[in-house]
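Next, two complexes with chain A in common: one pairs it with chain B, the other with chain C.
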Partner chain A sequence: MKLSSGTIRLIIPAVSLVLLLAAVFYMQPRAMSYTGLNLLFNLAVPIALATIAQMLIMSVNDLDLSMGTFVSFCACVAATFLQSSPVLGILIFLGAIAAYAIIGVVIHIRGLPSIVVTLGMSFVWGGLAVLILPSPGGTAPTWARWVMTAKPPLVPMAIVASILIAAVTHYIVMRSSFGVLMRGVGGNDRSVERAGWSVIGIRAATYALAGFFAILSGIALVGLTTSADANIALRYTLLSIAGVILGGGQFVGGKVSPIGAVIGALTLTLAGSFLSFMRISPDWQIGAQGAILIVVLALRLALNRLEKREKSQ
Partner chain B sequence: MTLHRFLMAKPWIWSFAATIIVWVVTVLFTGGASSFGLSQAALTFAAFSVVVGIGQMFVITLGPGNIDLSVPATMTLSGTLALKLMDVQDGMILVGLLASIGIGLIIGLGNYVLIKALRIPPIIATLSMSFIVQSVAIWSNRGLRIKPPETLANFATSGLFGIPNVALVALILSVIAWILLEKSIYGRWISAIGQSTFAARMAGIPVDGTRLVTYMLCAVLASVCGYLLASFSGGAALNMGSEYLLMSIAVVVIGGTAVAGGNSNIPGIWGASLFMFLVVSMLNTYGFGAGFRLILTGLIIIAVILLAGGRQSLR
Partner chain C sequence: MTETLKREEVVAARGIKVTFGAVKALDGADLVIHAGECIGLVGHNGAGKSTIVNVINGGLSPHDGSLSYSGNETHGISAARANGVRCVFQELSLCPNLTVGENARIMHAELKGWNWRGRALSLVETQLREIFPGHSIDCDLSIDDLSIAERQMVEIAISFAGIDKRPKLVILDEPTSSLDAGLAAQLMAYIRKFVAQGGSVLLISHILGEILSTSDRIVVMKDGRVVADRMASEFNTRSLVEAMGNVVREQEFARAAAAKSGAAVLSMPPRRGHGLSFQAYRGEMIGLAGLGGHGQTEALLDLYLDRNSNWWPTQKREIAFVAGDRSLNGTFPLWSILKNLSIASLGQLSSNRMVDRGREDELGAGWKKRIEIRTPDMHNRILSLSGGNQQKVLFARALATTATTVLMDDPMRGVDIGTKQEVYEILRSEAANGRTFIWYSTEMDEIRLCDRVYVFRNGAIAAELVGEEITEKNVLAASFHEGDAA
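The block that comes next holds the complex of A and B.
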């Protein structure tokens, strides 16, 4: 059987997730249940959505350093405006999506480095979040709470949601013609332009879509935590980048994988639970997370080498 | 036309122009009363950004994708361990400095080993490294706040002829960095690697050695900055480096260093560091709340980049 290189790239993150899951089950067999799985992966849903958003931005060769503050901002809006006056909340979200589209266009037209522009934007979103919720508070919209705490039969919500996110984004990014154009811009924007497409339009749409997924991430987060705070998701910036890379995505060239990104986000979440099961002292938790990241990437390198050797034979 | 070309050739002018405008606006608001104190505070706080900014600039010069995210963790660990080692004794000041330089060397070496041996993109390699370094800092700090030796604390908080000592240290480091960058073969090498790694390798430049030295240099500058900052603020805190991650990148880019690599400049880092501090203090003077202050800081950063922009983009 011949495997495409895309499939092989997907196998590695999937294998590391399964290994990690097996280790968790070995140490804590009670986690092998409906409730256990739900608890393990609950927090993965907002992270997966943020990772997808980051992946979209990375597919056009940019990087969004404002992801964490933007998701925090969205969580604050969801816990206040969206809950009390839904119309206003939706309008704010539409404005945020428009802002993302504008950022994407400005970065392209002026040839600016995306990391710096999004760095600046991270201050803006952070400031807006502080204005909306100066101290932790707010209430989750009932429907968001309902969706995130729903108990579908057989499979926990967290797993259902992850599969759904992976399927939908796989369709958008890998199957739809828009997805092909988007990855084409990441690969070679000049040839996409010569083929008669508007690179500006594609980039605006990509950024808007990323903004949309980041908003979903904020709403999902509030649905889980029931209240919000201006700093609630700051670590999502780095988590989302790490998730994309763990899932086999690359910084340049439009090489991304939505399924991989979701798996990457699940792996990162699981790594946290794994460490608490290991009874590692809290001092070393962050460090061990870094070590897991390194181990998984080393594993990927080893498998890549294996793949190359097979090709050369 | 010649003026235009002059401005294009010296991208750091923008950051200084912006700095002067912000300074004048702030001083005018307070009726000139604050001009001396403001300048001194600006020089002090800009000095810390300059030191980490220079290190980050060398790394960014290496070309697309090169960035060091372990700067804040390195600063924290170096500050914590150095103060612990010195244990308030004046005789240990030099030992403490050497220890923090050593910490920088180890972290820089670790960063590059991950990048090279595991072929991890620098952004992820330095991120994973910073997690580990942060953990070591948490473990060794245990929430204790050790004071710096008195002589060192005095040195860090006082000045010479009205110029803060830390600013003088930053100035000396900048001059050394400028010589390294403009006059030494090493500086030519990193620019060449930043413009085209492939061509540099073909030209016989020791690419790996140069990159290794650069990552180590960046980590050493970060740890020296952590040492100074901990002495200045009367003790190390676990979050003392956190704001310097964004700061170190922002000052490099606002200062006019090409994010695509291969083209860097040191005066711009000074302009940008002073600018970043002055913007915040201007907004403070005008009495804005935290939210508005953050929003305006962000918008001003973007505005400056838009004005000075039009360069090649990294990604």
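The block that comes next holds the complex of A and C.
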């Protein structure tokens, strides 16, 4: 059977995840248990959701630099309004989704670089988060807490959630008509426009969907940490971008893979634990994490070359 | 003529005027297309062909004049599509990251609901089989994984396909620019069949033979106006070219005799371990012929990389390259015309590693005059030029260098005859000055200009033709040898 280029792009992230996991199990056999796996991957769930949100934005050739502050903002809302008066909380979230759709429309109509607009928005979200929660605090809604700490039989929640996220987004992005249009805008927006579709509408819907997944990420994060802070998820901006790229996505051209993105998020989380198990001092951890990223991306480049060479023969 | 007038008007554009700034792209052009006819539209690059196509397909609203579909005056992309107007554009307009079926989904909004994938796939596959019988395209692949000819075939098939209703008018803008002769003939045969069933086709092509043999009526455009509109039978190649405003030049067959002097400038062992080896001598014009995609581009790239390192910039460049796909690997779209021209010769233009602006301007002015780049100012964006003029800039980029060998990868795709003639003349004079040209072309007329031709088949050189042996018959015979023609 001939492998499609999409499948080949998935192999590297999957293989690197398995290798990292094997290394962790080798160094710490006790991690090879229900609780161990749950602890290893717990924090991956919000990162995976944020990565999916980033991937949606990247599928229309844009980049969201406000992902981290937006997830922080959502976490703050979840820990305060959503907990105390759910209706108001949901209204705020709906407003945030509308704001994302409007950002998409503005970027499209004015032809602005998404990086600039979202960088500006990151200060807006950051400011709102500080207004809501000037100091760390708040309480997670009980249901969010319940979902994130649930103990399904056999497989830990973190794994179940990751598989669920991957399956649902794979359906939306890769199988549904909307997903095709969205990736079509990334691949060649003029041809989508010439076929009579509204590219503005598609972009707005894509941004709104990204906002929705970022909100889920914020809620999941609060469900894990029980309280929130205005700076709780600042790293998510770069983590989400790295996760998409690690998972075989590309910055332009509408080439994205939801399954890959979730695997990328899991790999990034695991890389952190791996380095701790290696007893690398925290001073070096960020550098070492970067080194892991470079190795994986280099592998991907090598595979791309191989693929190209095969094609030219 | 009286007979066609009675038929239903699919599209009628009358007195259309479109201006882009100071440029009058269309200056009162009329184009009426009836059901059941194939109209050939010819004209120079910049004559307004693409503009009128964009008006008809709804992408541009005319500043003046009337536009009606089947008698209803309306405009806009959705109105055009609702009236059965489809368009295959010159630059490929599929989404490269999507599969063939997914592209069909984008082009056909009707393909919705349960199992649209299956229906899209069968739609494209049926249509592909109908237009190009015996094709070998795997419709599950994404467009990226297809060759340029296959992409064009897919786009044509998607445009001709119809779910509830067949398209009424299909506009084909240079549909055969990447197809080889066999596929082009299949397409032309299908167009005749489609027209016989009551559909209409607007065919734009620089290959006059196609226009003359396939269309019922030929419309000639020049400077934003329609200058001739007659039945195809009233034209022949000469009168058609005259109507476009070119003078047919007699082809010169004064080939450089006994050009093989001294050592070979470039050589290459037999490719893939079989076939002939390749040699190029000083002052020669060598053609790489054969069916499209049989290893000619790869051979050019190998020749180039043989002399230029992939990693380090070379001090003295011996080889220049003219790319064929100018939007993909030719132009720098954000740069000015001058910057696009001078990029390859910055080494000569700089002193103390700083670019000498004066010398750069001088170079630009010289080439602007020599190859007639039609622009008021060389500092304008490269995209302000028409396709043919952009290609001229790419030629000038290669010729302005000190390189003694120029590799050309089918550079004349979609360039009008006038421009071609001008470039041919420049190439001839440069070859006479001792430059070597290695030229991959899909057009027979260009291959005939060469001193020596290597015919490629399945990635290797199958035959070498010299001088008078270079005829369409010989090239075709060598391209389809031993009955292995796919």
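The working rule: the second predicted complex is superposed on the first by the 308 of 313 C-alpha atoms of A that agree within 3 Å, B and C clash if a C-alpha of one lies under 4 Å from a C-alpha of the other, contacts with A are read in each partner's own complex, and residues count from 1 in each chain.
Operating definition for what follows: a contact is a pair of C-beta atoms (placed from the backbone, for glycine too) under 8 Å apart; a residue touches a chain by one contact, two chains touch by 3 or more.
It should be emphasised that the depicted structure is a prediction, and the values quoted were computed from it without experimental measurement.
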Partner chain in contact with A:G218 - chain B first, chain C second, else both or neither: neither
Touch count on chain A, higher of chain B and chain C: B
Partner chain in contact with A:K255 - chain B first, chain C second, else both or neither: second
Chain B versus chain C as contact partner of A:G127, first or second or both or neither: first
Partner chain in contact with A:G196 - chain B first, chain C second, else both or neither: second
Chain B versus chain C as contact partner of A:P13, first or second or both or neither: neither
Touched partner set for A:R183, first chain B, second chain C, both or neither: second
On chain A, the residue positions that both chain B and chain C contact, one per complex: none
Residues of chain A defined as touching chain C within the complex: 2, 4-6, 175, 177, 180-181, 183-184, 186-188, 190-197, 253-255, 311-312
List of chain A residues in touch with chain B within their complex: 61-63, 65, 106-107, 110-117, 119-131, 134, 238, 241-242, 245, 251-252, 281, 283-291, 293-294, 297-298, 301
Chain B - residues contacting chain A, complex: 64-65, 67, 69, 114, 118-121, 123-124, 127-136, 138-139, 246, 249-250, 253-254, 259-260, 289-299, 301-302, 305-306, 309-315
Residue ranges of chain C touching chain A (in the complex, touch as defined): 57, 59, 77-78, 81, 87, 89, 93-98, 102-103, 105-109, 112, 116-117, 138, 140-142, 144-145, 298
